[in-house]
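For reference, chains read A, B, C, D, E and F in written order, and residue numbers begin at 1 within each chain.
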C-alpha cells in the first residue's frame, strides 16, 4: 500500500477570529494540529496514503480529533486512547510588527503518557514505505522518545525511508534528558534531513554560518557523522514583518547544491504549519520527482500554506504545480 | 468593607453554540466559571463586595480569566499566578432527553499546585465577613484541602460566617484521601450548610430518605455532629427532561421547617451554575432578609439562572425580588 | 393604487444573539422596526401596497434603514432625511420568568424633529385607501402629534379608512401634553379601534373590567364618544411566562360580539411586534374578509409572528390561512 | 466485514441559523444529508461498518461531501464522481405553528445521472450483510430505480437482509413512471418493511385505518403480497406543533403485535432525519436485539435525533440505551 | 424616466468566511450576483434608475433574490418566476498565490428556461434609455440569446444606447452554437464596446497584441465591422498576486486614444465583480461626463469595488469622485 | 497611588465585521471607546494606575460600558450615571483607497449633560499625579468645558502634570463658543503638548509649515505663549492608502529636536485610536524614560495599535519595548 507513517501528538488549536486577543473575544475557532499530523494531512491532500500513530483522549474532544483526521482520509486505526485530556494550544494571531502568541496546555496530555508498549509497531508499519519524525516528539516526554525510537528501528529494518525534522524548541525538553544526545541517537535511523545550519549546529555543536559554503560544509559534516543521511533540505524564511514573508529553499544531496527562487508572500493568512507543509511537499516530491523539483515543490507548498487558515496545507498536487508553472497571479479557477 | 470571600479554581468553559456537538462545529463560545467563582460573581451582581482567591495561569488565558472577574467588580488582588495552564472544561449542551456532556482538563491545572504558603490569608480576609467554600476544592488536590483549611481556621477565628456547599462528586477525589474524613474536618469550621439528605448521608454515613421528616431528622443529626452549623438549606430539583425543570427549596434552621413553592422552568437556557446561583442567593439573602425570605430569594435566583447562558447568574436584586413579587409573566422592562 | 399609509418612527434594534446580555457579548444583531413600520412591512408581506412616511437620518445608518424597508417593497419615496441620528433601541431577550429589557435612544432622533411642513401629505396620500396610526407617534414629540393630525385630517377628507392603535406607554409623553387630550383629539379622525378595555379606560377615564359584558359596554361607550369609530378589536394575551403565551381576540362591531379560540404559542421565538402583526392582519383582513374572519386572521398572524426573529411578521396570506385551516402541527412545506 | 450498504443521493443542506428566514439572513449553516446517508451515518455512530454508494459532484463541494461522510468512518471508496453539481436543499426552520419550509435543487444534480453501468455492485457488496433502500431513490430518476434494482437483485442473491423504507413523496416521481408499480417491483427484493398503513395503502391500493386491528391486517396482507417481507415496523408521530412531538412505534413481525410507550419531545431542536434515525436504530437493533427491543431502540434513537442540529443522529448505542434505561431527566454526563 | 435596463441571470453566491475552504467550514455567507445585475446595482448606487429583467425561482430563495435587488432600489417589476431553482455559485476566496475557485450550479437554473415569449420587452423598455448586455447571457442557453436579441432589436428601434461587454468564457457555451457567430450577431445592435484586444481578437478572429498601436488598430477594425459601435473602452489589470492588483483603463473613441494612470490596489478585499463595477462606472460616466472622465470614473469605480465584500460596488458618485480628486489616503469620512 | 486621571465621553462603537457596509450586514461588533478612555485603558495595559471620570447612561448599556473599563482595571468609582443614553458611533471600515466612515449619535448623550457640580474633583484627583485631556471634551458641550476647566485648575494646584492633546475637529464645536478661545484657556493649565504644527497653527492662528525648522519655531512660540508647556511631541503619519501607513514622531523639549525612524505598518488591522495609543505611550514613557525614549515608546505603541481590532492598544510594556529592540519580524511568542 506504500504508506507514509507519521507519529506524534495531536493538539487542539483554539484562537479568536482574525487578529483578536482573548480578552476581546468570547468565541474561539478550533482546528486540530501538531507538527507530524500537519505533515500527514498535507500528504493525504496530495493523494498520499497516510497513517498516523498517536495517543488521544477518550472523550468527545478526542472523538472529534480522530474524526478530523478522517476527513482527510488519514488512517486512524492504530491510534490509542487515554483517560487524560487532549493537549491544547491557545493562539493569538499577530499582524505586522505584532508577533503571534501561543500558550500550551500539553504537559499532562493524553500523548504525554505514550509508552512503547502501547503501540503495535509491527501492525502500524505493515504497509509502511516512509516514516517521518520531528524533534517535538522526543522533546515532550521520555515515553515519546522511547516509542519513537522503537518505531524507527523497525522502520529501518524494513528498509523504509526516514525523514527527520529535528526542530529544536528549547521551551520543551523538560523531562531531564540532553536534547543533543537524544536527537543524535534518533538521527542514526534517518535518511533525509530537513533542516539547516541552525539545526546542524545544534546537533553537532558546530558554529556554521548561513553562507552557501557553510551550508554545504555543514551538510557534508552531518552526513559524515550520520552516514544513513543522504540529503539535506533547508527552508529559508525572510520576514518583512508578521504579515509579509519570503520563502526559498536550498539543498545538498551529496552531489550538488541547488537553491530555489524566493516565493513572496505579501499577505500572510496563517503562518502556523508552514514548515510542516514544506516537509510534506518534500516527502511527496521525493517520491515523485528529482531532488531539485521535489525541493521546489516543497517550497511552493510551504508558500501556499501561508494562504490557508489553520495548521494544514489544503493544496492539491495540481495547485502546487500551478505555482511552479508560474501561475502566481491568482486568476480564478472556474 | 464587609467582604464575602470565595476560594476555588477558575475554569475556562468551552462549548459549541446551541445544542451542537464538537464533531459538528468549529467555533466554541467561552466563559469562565467554577463553582465558587460563580457564587462570587452572582453576589457581586447583587451589589455585594466579593474577593476571590485562586491560582491562575500566567499567560494570556489567565489574564483573560482575571479580566473576566473584574468585569463584575470582583476583587482579584490576592489571586496568585502559576506557570501551569488554566483548567478547562468542554461542554456539549443537551436537550430534552439528551443529557449535557462535560469533559474536564483540570488535573494538572494552575490551581492544582495551590499550597497554603501561596495564599496570604491574613491579607485576604482583612475585610472578610463571610467565607464560602464547596466540596470541589478539597476534592481536587491535597493543596486545595490544606489551603482551604487554613483559610477556614482564620475565618472562624475572625468570627466570619462560613457557608459550606459540600457537593460530593465521585469523579474527583483522585489524590488518595477519604472524602468523608476531609469533608467532616472542614464542616467543623462551617456555620451554614447548603445541601440536603444526599449530602448529609454522604458525610454522616446515614441513610435518610427525601421525606420532610427525614430531612428534619437528618438536619438535626448534622447539627449535633457539627455544633457550629446552625441552619440547613436544601434545593430540590424535579426534572421533566434536560430542557424542563422545577426548583423548590426547604430548610431547617433549628427552629422551624419551611418550604417554598415550585418554580417552573419550562424552557431551560443553560443549566450550569444553577446550584451556585442558589448558594449566592442564600448568602445575599441571609445578610438582608429572614431565613425563609432568604431561601425564597435563593430559589428564585436559581430559577432565574436557568435563563442565562454561561455559568453565572446575571440577575440583580430587583430582578430576583420581581419574581418573588409574582412578576413571572415575562413582561418587558422598558 | 389602493395604498395603505403608515406614519411613524423607524428605529434600529440592536440585541445580542439568543438570550445573551450585553455584558456577556460583543456582537449585536440588528433589524429595523417601529410599531407603524412593523404593521406596514407585514401588510406588504401579505401582498399589500404600502407607503411609509417618516424622517430618517441622512447617513449610512439611515440609508440602511430605507434599504431595509425596500426589501419588502414598501414605498419609501416620501421619507424625509435629517441631520440627526436614527433612533435606536437596545434589547436583551429574556426567557421563562426573566423579562426582556429594552433601553431607548430616541429622544433626539431624526424623527423627533418631524414637523408638518416636512411632509407633503397631498402627495403622500395620493393613492391612499387606509391610514394606520398608533399612540406612539403623538407620544414622542409635539411635531409627531401635529404632523400626524394633519395627515389624519386629509385622510378623512379623502374618505380613507383610519385604524387607530392607541397603545399607551407612560414612559413616553415627555413633552408636556396630556395623553388623554391628544389621543381623544386623534380618535376623532379614526374609524377602526384596535385596543381593549385598558385603552378605552385610558381614553375615557372609565374603569371597565375584562369581562365580556364590560368589553361590550366599553366598546359601545367608545363609539358614542367617537362616532366615526365603527368597530373595536381586542387582542388578549395570557402569559405562562416569557417563553409561553396564549393569544386570542374578541370584537364588538356594533352588531355582534365574537371571540376566537386561543392560539397556544408554546415556544416563543421573539415577542416583539406581535401586536403590530395583529394590527397588520386586521387591516389586511378587513379589506378581504368579514369582520370575524378578519379578526381570526389577525390573531393567527399575531401568533405566527411569535415564531420569527425580529420585529416583523414574515408570513404570507397563505401561511396565515394555513393556521386557520387547522394546519398547526408544523408539517414541512416542501 | 459484515457491512451495511446504503445507496442514494447526498444533498447539501443550507439553512439560516435558528429560526431565521433567508430574507433576514446572510449566513447559512451547511450540512450534508439525504435519507439513506442519514441512516448510514447513524449506524456508523453506533459502531456499525457502513459503505455508501452514490454519485457526487467532482468539485470542492463534492470533496467536502465525501469528507463529511469520512468524518463518521463511512466507507466512500465506491462513490463515483460527476461533472454535474451536487444536489442542494434550502431549509427555513419553523417553530410552534409555523412549519419548516424546504426548497430543492436536485433535479439535475450529480446523482440524477446515476446509471447501472456506473456502479460496481459486485465490489460494492463484497462485504455486505444488509442493504437499506428508500422510496426516494427510485422516485428521483429512472437511473436511480434501475441502479437500485440491480443492487437489490445481487443483494438478495448474496442472502443479504434488505430493509425498505418506501416513503412516498408525491412531489418527486417526475420522470413518468407509476410509483406504485416501481415500489411494488422493488419490495419483491426486501425483507424488512419500515412503514405503516399509509405506505401499505399506497403500495397495495388499500384503505386501512390507523387502528391496531387494521395495522395488523395491513401488515399481514403486505406479507402475503410480498412473501420475502417478514416484519413490519411503524413509527407514529403525534405533533402538538412544530416544536413539540411525541413518538412511538409498533410492529407486526408475523407472530405478535407490540407497541412502545410514547417518547415526549417537548423542545424539538431539529426535526429533519428523525425517520432516518428510526430506520438506523432499527437496523442496528435487529442485528443485536430481539424485535421488540430493536423497535424500542429505534424509537429512542429517533427521539434523540430531535435534539441534534442537522440531518444526522449523533447518538452512541450507550446513549440510546440510556434513554431506554429510564435516564430521560437529562442529568449531566461528566 | 431615463432608465438603464439590464438583462441576465441572478445567481446566489455562497462562500465561507475569509479565506476558508468549504472543507474547513460549516457556515457560508451569501450574496446575490451575476454580471449584469452587478452592473445594475452599482448604477443604482450611483443614483441611476435601473430595471433588471430576469427569470427567478418561485421559492423563498427567489423571493430573497428579488428582495436583494429591491434593497438597492432596482426595479424588479418585470422579473418572471420559474419552478426551477435559482442558479448558485460556490466560491473559495484565495490569497497571494492561491487563486480563488468557483463551482457553478446553473445549467438547469430558473434563468436557463428563459424564452422570448416570457419577457414583455415593450413594457420592459418603456422608460429605457440605455441597455447593457454581456456575453454571459447568450453563452448560457439558446433562450438567453433569443430573448436578448429581441430586447436589443427593440432597444435600437427606440434609439437606446447599447453597451456590450462580450466577456468570453469558454466554460459556458454548451448548447451547440458558435460563440463568434452569436456575439457578432449581437454586436450589430451595440453602440459602446467594453473590452480590449482579447475580446476583439475573439470576435474578429484577429491577432492583435496589447500594444497601444494594436489596441487602436483593433478598435478601428471593430468599428468598421460594426458601424454602430462608436467607442471602445478597455480595462487593464496587472496582478502581483491574488491579493494585489493594479488597474488602469484606455480608450479609442474614434477620435483620440487616452489612458488613465494605474490604481494600485495593495490589499484586495474581494475581486469578484470588479469588471462589472467598471462597466457600471462607464455607463454612469458616459451619461454625465466626457469620454475621458467617464473612463477615469469607471477605473476608479472598479478600483473601489476591490475594497467591498460581495459582487457589488457600493460606492456613491461622491466616493468615486473623491478618488479621482486625489483622496486615496483613506482618511476618515466623519 | 500615583494615579493617571482621564476625563471624557465613553462611546459605544458599532461596526460590521471586516470591511462590510451596514447595508450588507445584520451583525455589528461592539466595543467602547472615546479618545480619553482609549488613552486610559492603554496606560492601564502598561500597568499604570488609571482613573476615568465620565457620565454614563444608567441602563444595561451603561453597565456594560463600565464593566468594559473594569476589565482593564480602570478605576470607575467616580463615574456618574445619567438617564440619557450612552453616546454611540457607527463605523464602516474602509480599505486601500476606500476611507472608513463614521456616523455619530452623541449630541444628546449621557455625557452631554455633564456639569461641574456632578464631579467631585477633590475626591477624583485624590491620588492623582497626571491629568490627560483632549480637545474633544470642550468641543462637545459647554458643561464639558466647564467641568474640565475645574478639574485642570485643581490638578495644577496639586502640582500634577497635565498633558494636552488639543485635537481640533471642526464637526464638533456646535454650542456656540470659539474653539480657539477655549483651547487657549485650557492650554494655560497644561505642561505637555501632544500635537504638531497643525494644532499650533490652529491655537496661535499662525501658518507654520511641516518643515523641521518651522516645527521648532512653532514649538518655541507655543511655549512663549503658554509658559507652563515644557515639551511638544508630534506624531507624523504618511498614508500610502487606508490599509498602509507609516508613523514617526518628533519633539522639541525646549532643549533639543529629535526624530524617530519610520514604523512601516504594511497591513493595518484597525486605525482607530492610534493617536490615543501614542498619547498613552508618551505619558507612560515620560514617567519612566528620557524624552527621546518616551517618544520612541509612544511611536512604537501607536504602530502596534494598528494591529489590534477596536479602539484600544492592548500592548504590554514588554511588547512595545520588543519593537524598539528590533523585534519587528513577528516571530512567535511561545
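Criterion: contacts are C-beta pairs under 8 Å (C-beta built on N, C-alpha and C of every residue); 3 or more make two chains touch, one makes a residue touch a chain.
Computed from a predicted structure; not experimentally measured.
Repeated interface, listed pairs B-D, C-F or D-F, reference A-E: B-D, with more than half of the contact pairs matching by residue number.
More inter-chain C-beta contacts link the pair B-F than the other of B-E and B-F. Measuring from the averaged C-alpha position of chain B to that of chain C gives a distance of 45 Å.
Residue positions 18, 21, 23-24, 26, 31, 67, 71, 101, 104, 267 of chain F each touch two or more of the other chains.
Of all the residues in chain B, the ones that touch chain A in their complex are 14, 21-23, 26-31, 57, 59-61, 63-64, 67, 84-86, 88, 90, 92, 101, 103-105, 107-108. Partner chain B is touched in their complex by these residues of chain F: 67-68, 70-73.
By the touch rule above, chain F contacts chain A in their complex via residues 18, 31, 71, 263-269, 303-304, 306-310, 314-315, 319, 322-323, 327-334.
The touching residues of chain D, counted against chain C in their complex, run 18-21, 23-24, 94-102, 104, 169, 171, 239-244, 267.
Chain A meets chain C in the complex at residues 24-26.
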